[in-house]
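This is the structure I have questions about; it appears just below.
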Amino acid sequence: MDEHPISRYPVPTMGELPEDLRDTIAAVSERTGFVPNVFLALAHRPDELRAFLAYHEALMEKPGGLTRAEREMVVVATSANNDCQYCVVAHGAILRIRARNPLLADQVAINYKKADLSEREQAMLAFAMKVADDSRSIDEDDFARLRTHGFDDEDIWDIAGIVAVFGLSNRMANFLSMRPNDEFYAMGR
Amino acid sequence: MDEHPISRYPVPTMGELPEDLRDTIAAVSERTGFVPNVFLALAHRPDELRAFLAYHEALMEKPGGLTRAEREMVVVATSANNDCQYCVVAHGAILRIRARNPLLADQVAINYKKADLSEREQAMLAFAMKVADDSRSIDEDDFARLRTHGFDDEDIWDIAGIVAVFGLSNRMANFLSMRPNDEFYAMGR
Amino acid sequence: MDEHPISRYPVPTMGELPEDLRDTIAAVSERTGFVPNVFLALAHRPDELRAFLAYHEALMEKPGGLTRAEREMVVVATSANNDCQYCVVAHGAILRIRARNPLLADQVAINYKKADLSEREQAMLAFAMKVADDSRSIDEDDFARLRTHGFDDEDIWDIAGIVAVFGLSNRMANFLSMRPNDEFYAMGR
Amino acid sequence: MDEHPISRYPVPTMGELPEDLRDTIAAVSERTGFVPNVFLALAHRPDELRAFLAYHEALMEKPGGLTRAEREMVVVATSANNDCQYCVVAHGAILRIRARNPLLADQVAINYKKADLSEREQAMLAFAMKVADDSRSIDEDDFARLRTHGFDDEDIWDIAGIVAVFGLSNRMANFLSMRPNDEFYAMGR
Amino acid sequence: MDEHPISRYPVPTMGELPEDLRDTIAAVSERTGFVPNVFLALAHRPDELRAFLAYHEALMEKPGGLTRAEREMVVVATSANNDCQYCVVAHGAILRIRARNPLLADQVAINYKKADLSEREQAMLAFAMKVADDSRSIDEDDFARLRTHGFDDEDIWDIAGIVAVFGLSNRMANFLSMRPNDEFYAMGR
Amino acid sequence: MDEHPISRYPVPTMGELPEDLRDTIAAVSERTGFVPNVFLALAHRPDELRAFLAYHEALMEKPGGLTRAEREMVVVATSANNDCQYCVVAHGAILRIRARNPLLADQVAINYKKADLSEREQAMLAFAMKVADDSRSIDEDDFARLRTHGFDDEDIWDIAGIVAVFGLSNRMANFLSMRPNDEFYAMGR
């Protein structure tokens, strides 16, 4: 048995995957240089993986007012808040690359309030934490505050949506004891 | 302006919807007798709605060891835990119908520990609350406990998955101030 | 043995009750159409029941600036906050009737911040939650805020008193596993 | 104006009180040597004071398996948990006297787990804290545990009832900023 | 075996102590009239005791803008927040003496917000609680608020430092089940 | 002004330091290759820095049953729990080096329960978290559990002491907005 399995559940081999997922994963692997474990761990249930990838793409790849680095800041802060090892390590790597900053991901993961961020970015993450932990209390004041930092209503939806979808994957990754690939830890440093 | 809007964001008319979503919603409407507001509120972003529906279907409509009533118990307990008005009201109605029990949904929403549930159902909901609030601590003991109540590993994934996907929709519904249709409140009583 | 006992403790029959309590309960029963279980469950200790009824009457039946519907909103929000099944179900029914609104009780119970309430009512419930959860921090600012919504000092005492007395009955009902009468669930819908 | 008022609300003079309350208070004053402020502060509303005194007497003065010192331990631990200055100071004095122990009240107020208590008393206070903070989760295991320490079901009701009624007075005392009489601080030391 | 040991760990006799600690403790004993148990309990590890005494002296004995009574207020509020029996009882005694006020220590320990304190002292303790419980969120607004009450930056460091060092001793005292000397309870009343 | 100051407070130059501290810091700098910012930030108050270094040395440099890597695990888990950026980044680097493991520090910082740790190490960190967050409840069961993993009473004191002293430095570092040296982020990867 593997000393460090990547999931509590069975993990399909590439050959066992449905063709569409095999193609998707091959494309990622070519771009990244390895297959991120999340694809294999979630592929135990192809329909759920497809839905997750579609949701992820709808928020992370779409055009919009948030930069790619900003989106990754939201992912890292949310995933740290939810204590998700896979997502902090993997998206921490992506944040370092997107922000071209080797320090920022660790800062955001430990305590975003002490990170090297602009006031706009601080406001974005404070709102993200409210969506994660106290969505029942979101009100017009939150929208007003974000607008003063230049976010429009579609940007605000993007922030909330990213928190919501990573809240899903954080819980699944914790449930599955999903293990980050060793490669992520040093990427972008 | 509408006295009680169903979302903070613009809501498309049926005519403005992409054809696939229009067909899906028309089918639901025929079955239920009205269009549940969640379809219209999320349709402001068709790609996200499609992904949400796919995820929802993958967990709520698939065959498996959990009954449909059990799945709705997980939805109602999770949504109450996350203080989501839309989901408690709408899925409370569905739970009353699926369980053929007019009392159960309110009991589960207020305090599932005092609800008319079997020990198996109590164990399922205790685990669901752990996924919702403390997924970082899920461990082998949780699996062992659930297995003594007859859940197999696929059932356990189903529970966790339902909590995760409704954690997403609870946050979005709170963010959007999504309003449940008046019809839900009295259904199945 | 009863499948669904109304209390963990022995419940007296009407014939076993002291005469004054029997008369009180008969009067309620005539008005409501059934005997609410709280009377029978607490009647295991007649002196405590008498004291509870006296306190309840002193706050819920007295004249004052709070409408009867407003008082029931405080009861439902407090009881939901304390996860008390009996009180949310029973007073939810009364709130529907007092407010002539079939939707309001469920809204207040799930998340009063998203309920169809005026700003005055929202301020009242926000203060009620502070009395329930953080009474140590009540200060002059709370009074000032409530006065801007038209509450005078006697109204404010009424709010605090209702929260305090239902904090008592919520804890007793949870302790006793007090079961709401089935009739309450559909009343006023 | 008084530098240290005993309540935010008007406090009646003895002459302004209804005769029954005047008699009750005079009797307490004779026994104690002064009028505890709680009587005067709550007397702003005679009906509520009468109900409170009746509830208090029904639990604190009745015969039963709990000693008077044990009841006061429950009061002090509950009031400390609820951060109530009046009740910790006043009932701390009574506990010192009832238990003939000048140290115990401060120990229980700061951290009952480190106090000079028997295992029976520790179990009693652990259950009291559950009634105060998590009554929703009380179940048969709690009863079973208390029975191993010699508590019968009526004793257990007494514990829960004392926590519930002091939960009420703790919230009212905090709401009123009720001030303990200076005399209490040094009594029984 | 001692009925009430002062520590879970072995406690050295005065004769077993290194000479420097023996001298320090003899001097304290002469001033106070007895040896406070903290010296003996921590003396199980002389190097740690020396470091603790040095840190304590650097903050509690130095000149500066905070009065000695104010420093003890911070100690008592922090220790109560951390549920430390030894420190609340021992420093409660010192606060009574320093402030020449027999009531203040109990008030601060139970709920400093209801204590007989100036606005300056309230602001100091509110900040102390933030250092104790939420240091991650300290920001410029905290400094600005304290400056309006006459604290300069060195005073603010003193407050934070006292909270930090007593956070250390509170945890050690709880860990050791350190017992306060009986003498402290009645000192200064 | 420096874009990224290492402390809110004035930072002395090496030349301004007292000689003993200058020597200490020079020695560290020679060993590490740079001066860790904590020395300079705390040197604003030489007496406190000396006391801190003495306490640190008494626990981190002494012989004993805990390996150096184990001690650093306690530091990283505690500092992550207290959201301290300086200590997680700096001691994360030291942990990578001591454990000769480039992945472990990030795993422990994000969620030690999912880290590549032995059962002994998991038990050590679970106890460390109890000292950090709930020291009031430490009891004999905690000692018994740790002994089954091979910890003796002196080892257990070491764990508690490390948590306590880093609880102090975490609060001070957050208070000072102490900035980790850039060098730490990549050390040992």
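Order of writing sets the labels: A, B, C, D, E and F. Residues in every chain begin at 1.
Note that a contact is a pair of C-beta atoms (placed from the backbone, for glycine too) under 8 Å apart; a residue touches a chain by one contact, two chains touch by 3 or more.
Keep in mind that what you see is a predicted model, and the values were worked out from it rather than measured.
Engineer: In this assembly, which chains make contact with chain C and also with chain E?
Structural biologist: Both chain C and chain E are touched by A, D, going by the contact rule given at the top.
Engineer: How many angstrom lie between the centres of chain B and chain C, each centre taken as the mean Cα position?
Structural biologist: 29
Engineer: Counting in whole Å, what is the centre-to-centre distance of chain A and chain E, each centre being its mean C-alpha position?
Structural biologist: Computed from C-alpha means, the inter-chain centre distance equals 44 Å.
Engineer: Between chain B and chain E, what distance separates the C-alpha centroids? Give it in angstrom.
Structural biologist: So the centre of chain B lies 51 Å away from the centre of chain E.
Engineer: Considering chain E alone, which of its residues make contact with at least two other chains?
Structural biologist: Residues 83-84, 111, 114, 136, 174, 177 of chain E each touch two or more of the other chains.
Engineer: Could you please write down every pair of chains that are in touch?
Structural biologist: Contacting pairs: A-B, A-C, A-E, A-F, B-C, B-D, B-F, C-D, C-E, D-E, D-F, E-F.
Engineer: Quick check: in the complex, which residue numbers of chain E touch chain C?
Structural biologist: 111, 113-114
Engineer: Where on chain D is chain C touching in the complex?
Structural biologist: 8-9, 44-45, 47-48, 50-52, 54-55, 57-59, 62, 82-84, 131-132, 135-136, 138, 143, 153, 157, 160-161, 163-165, 167-172, 174-175, 177
Engineer: Which stretch or stretches of chain C touch chain E in the complex?
Structural biologist: Where chain C meets chain E, its residues are 136-137, 139.
Engineer: Applying the document's contact rule, which stretches of chain F touch chain A when the two form their complex?
Structural biologist: 4, 80, 83-85, 88-89, 102-103, 106-107, 109-111, 114-116, 174, 177, 182, 185-186, 189
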